[in-house]
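Got a structure for you, written out below as structure tokens; questions coming shortly.
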Amino acid sequence: MAFPKKKLQGLVAATITPMTENGEINFSVIGQYVDYLVKEQGVKNIFVNGTTGEGLSLSVSERRQVAEEWVTKGKDKLDQVIIHVGALSLKESQELAQHAAEIGADGIAVIAPFFLKPWTKDILINFLKEVAAAAPALPFYYYHIPALTGVKTVRAEELLDGILDKIPTFQGLKFSDTDLLDFGQCVDQNRQQQFAFLFGVDEQLLSALVMGATGAVGSTYNYLGKKTNQMLEAFEQKDFSLALNYQFCIQRFINFVVKLGFGVSQTKAIMTLVSGIPMGPPRLPLQKASREFTDSAEAKLKSLDFLSFTDLKDGNLEAGS
Amino acid sequence: MAFPKKKLQGLVAATITPMTENGEINFSVIGQYVDYLVKEQGVKNIFVNGTTGEGLSLSVSERRQVAEEWVTKGKDKLDQVIIHVGALSLKESQELAQHAAEIGADGIAVIAPFFLKPWTKDILINFLKEVAAAAPALPFYYYHIPALTGVKTVRAEELLDGILDKIPTFQGLKFSDTDLLDFGQCVDQNRQQQFAFLFGVDEQLLSALVMGATGAVGSTYNYLGKKTNQMLEAFEQKDFSLALNYQFCIQRFINFVVKLGFGVSQTKAIMTLVSGIPMGPPRLPLQKASREFTDSAEAKLKSLDFLSFTDLKDGNLEAGS
Amino acid sequence: MAFPKKKLQGLVAATITPMTENGEINFSVIGQYVDYLVKEQGVKNIFVNGTTGEGLSLSVSERRQVAEEWVTKGKDKLDQVIIHVGALSLKESQELAQHAAEIGADGIAVIAPFFLKPWTKDILINFLKEVAAAAPALPFYYYHIPALTGVKTVRAEELLDGILDKIPTFQGLKFSDTDLLDFGQCVDQNRQQQFAFLFGVDEQLLSALVMGATGAVGSTYNYLGKKTNQMLEAFEQKDFSLALNYQFCIQRFINFVVKLGFGVSQTKAIMTLVSGIPMGPPRLPLQKASREFTDSAEAKLKSLDFLSFTDLKDGNLEAGS
Amino acid sequence: MAFPKKKLQGLVAATITPMTENGEINFSVIGQYVDYLVKEQGVKNIFVNGTTGEGLSLSVSERRQVAEEWVTKGKDKLDQVIIHVGALSLKESQELAQHAAEIGADGIAVIAPFFLKPWTKDILINFLKEVAAAAPALPFYYYHIPALTGVKTVRAEELLDGILDKIPTFQGLKFSDTDLLDFGQCVDQNRQQQFAFLFGVDEQLLSALVMGATGAVGSTYNYLGKKTNQMLEAFEQKDFSLALNYQFCIQRFINFVVKLGFGVSQTKAIMTLVSGIPMGPPRLPLQKASREFTDSAEAKLKSLDFLSFTDLKDGNLEAGS
């Protein structure tokens, strides 16, 4: 099978892993979740078992089951299902990569290992290469998130230099950082390639679009996908003023919850509120979002009128709330 | 005198303080420097005694002399001369603010104190307010640079909330960080004001322009002002593709020098190369840029053909070098 | 079975996981390794599958096999075999804890999860409690290493407050940090308990002994166990001058290798040199120590005369090398 | 005048700068403060204009006045008055060094500059050398505090290597960090010298004494000097159990206030409480300690019976508070 395969474009929702009140995985709502993303949010790509999905809090066995369920339920509905197979153990990462290929996923993504850390770019590439080799027919995405992994010494731009010689299945980057010099140079230095440059800092996506991002992976696209798609469309049509209005509106919500403390637990609570599908609590070491958080978030969602964005098109957006 | 005064717009060069080989200030070239900025780079605003100007490495007496020289030589040539008066000592900051008013500067800017640090937003505002009060007729700019000051707990957006009640002369922000959620919300929440939102991360200015920046302060505008002005113009005319080409071209140079080690010492060397005006070595604790750096930077400047940008307009920019 | 069980005392070697040149676990040398620790280094306690043992780079299945091999080979030779069962996934941690009990280990140790992080002391305790509950008959040790986990908000002293109410099997602390206020208060506030206070910063063990440490866990005890035991003995006999001589001698070696870059890869190389037992290369994301490192380390070991320490007793230690 | 001069030994109080309610320096109580330190706390050395003294929050002119007042009032009462002359500006640091010599201070101390930072050990030494040269007859102390200055790349042990060739007046080190490998190697590698090795982390002084510290500089010696001297005496007499009891008792207080938020503001409040001499509020960017803090600290001081330590000698210290 020749590379590049079908390019990953537009919004990619980093899926939540729904759980029961006991902290077991609630597979039963995944079908409904797929439909919700497609129909209500207009999002047709997903990124499974990432940070938002508590991927590293699951056992390897659970990660396999979750991946399989999303692939099965997404069939003929979703465009692409990317499985995050990063792990601290290379062996486990390889096992997950091979499994992703077996179940018919559309790609795999890998984070840099972050306990014992690769000291140089070359060691990191060697690690990624070993994972990629376990799924030689699957597009490979590198998930760059230096603040979380502490692997700050390796700039993405340097990693991409000649990457296809080492990882022939390399097909893109999830860039979760605000260093847009590094991101911009990834785009600039690889114009001849068909790489996907997916931005991962939802609250400032517009700043990356202007720098050449071809798509985005994030948790907020679970519930703000429709609004963000409107921003993408405005940007595409060169209506920057409208695009900025959408971005600001989205920022108001994120800015609000960031001040309250915003993480995976809170994302689960918000998604439950917005979609009506029960996401359940997170698993330890996370703790369920507080009632206060949920109430405040709900009030904010209402005050921002996040069900209708039509007024934005008239340029009437007012500052505030 | 009523506020707001004339709005600070477009590019603002963070001036270098020229020195002799002995590390004394070389006042003699400042007149020539003014002419160079205006005529060759199209930059008519300056930010004096900031990080680039080694402001905190100078004695208070030297800071006064430097400020005075720039105001004198800039008269009738520059639009606005902003003096950075931030200091660890409130008293010295106040003395410098008062002096800036006396010599007829157009505004003052202040960094958060960063040895003993303000613990809360309110304490920081109190500090800034005391400085501003020493120059009640001068526009006041807050210089937000959390990575350098370590004052990361205070988001700019929160600081700006109701700022005019506390600092009536507040007129804008130099935002030197890549957190464009914070920056975006500064813009969004203050649409009714006439504040200047000046971005301070030169290598990704385009990402802030799309988020509402009204101008920029930086060291690279000393020698890349003309190119950056072309980017601003393309952005203004909604030619985003061209704007991005300019941004990428600028990034290629910065990306190159960042890998070699890029700071004030290197800025002095580059400016000497590009302008022909001797900037001299930095003062301790900095050390003169190495010969290797200077040679490499010069070769890169040539390879990027930084004297002519006409090819960009044809969209022929090629990746590389 | 009643608690506290036999107290863990003295030196505990954080075992290396020997590997073949292909990066597979080399079980065949573990018996020899046990004998070496006991006979040559006088170390009779081990800490298996920790950082030094690349525990988190192994698959769960490998971790089980490694633990089992150490317990088997250590039988009747070692005093205590502690298995580190920390993992990012609570489920896997529980599985490993239960397995440790089944194979007859003497205790389990757990690191705070460090990808998604516990936000508060209570959440961290809940996590640890769930792991401990999977092995209700085994002594439980908390492995405190804030710099590595980033869980800096939870001070060990606060965690220990009332810990037996929550984790009845709690029996001690591996404290891998230089904050000896926190460590001292752990000791001071728990005098009535029979907890083990094991220090984990080998190069400054003496500073913790004086603060009440009851033992130590570390990688250097694999090859500096004998020397460190001599330091412990001198300290026990209140010969502080001699104890300091031993500490300085040990520091000279560690200081030397720290400057060269010192981690698990280098520990494997040094142990191979000193013990003659082949430890093999590390697994990705680590890379084999360079030849230059190994040569330098060998020369240093010789120059320090690390085979005989008798001169120290005469107080003739000279500064240098 | 030959070096080394009289060695600086034992406790050195980092003096507070007393202020009036308006934030002006209250010179009138400095004489009383000297007597209090000598008579009530048994502390006869001081470190003026350091962090505790808000040295960097004062103007250069104020720093000169404060230094002069302490030298004058300390005459014939204090053993040594060390003036901290560190500043971001080399010129100001030199001016202060020269002034310290003129007024008859016993030594100067200098912190690494921390806004623009020295990139290498050699540049830092050059900076320090230039300051030292401005006071060629005064003992010079380097104030190592990497966490505050961010100059973490330069280990003190490396800085001291051959230091007398570069700074002939070098006479010691204030080491404010918990890296006792670095500290230990400073001591170990310089046994032939008469350097003072002053530890600056009050709450764990005992851990540095055992590693060879010859004295200590800190803020708590203003009010815990007597108790700390008792610890020093017990250590000197090799009564380690008693020394540890004193250390734990001191830790209980510091541990308590650390949890409440402990800095210069709080030190001023505690010193006012304990000594009865009004220290006044701090200057911006600090804010007066809250009433809640002061009340809690007072209650804790009482509960620890910090007026009498006699019970400790009987070994009856009980855990708790």
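We call the chains A, B, C and D, going by the order they appear; numbering starts again at 1 in every chain.
Please note the rule applied: contacts are C-beta pairs under 8 Å (C-beta built on N, C-alpha and C of every residue); 3 or more make two chains touch, one makes a residue touch a chain.
Note that the structure is a prediction, hence the values are computed from the model and not measured.
Counted as hops between touching chains, the shortest connection from subunit A to subunit D is 2. Bringing subunit B onto subunit D by least-squares fit of CA atoms involves turning it by 180°, to the nearest 5. Comparing the residue numbers each copy contributes, subunit A and subunit B share more than half of them at their mutual interface. Of all chains, the one whose CA centroid is most distant from that of subunit B is C.
Mean C-alpha positions place subunit A and subunit C at a centre distance of 37 Å.
The distance from the centre of subunit B to the centre of subunit C, each centre being the mean of the chain's C-alpha atoms, comes to 50 Å. Taken residue by residue, subunit A touches two or more other chains at no position, since every residue touches fewer.
With chains as nodes and touching pairs as edges, the resulting graph is a single ring in which every chain has exactly two contacts.
Pairs of chains in mutual contact: A-B, A-C, B-D, C-D.
Across the complex, subunit D meets subunit C through its residues 157, 178-181, 184-185, 187-192, 203-204, 206-212, 238, 240, 243-244, 247-248, 251-252, 254-255, 258, 319-320. Listed in rising order, the residues of subunit C touching subunit A in the complex are 51, 54, 56-60, 62, 88-92, 95, 112-120, 123-124, 126-127, 130, 148, 261, 263-264, 282-287.
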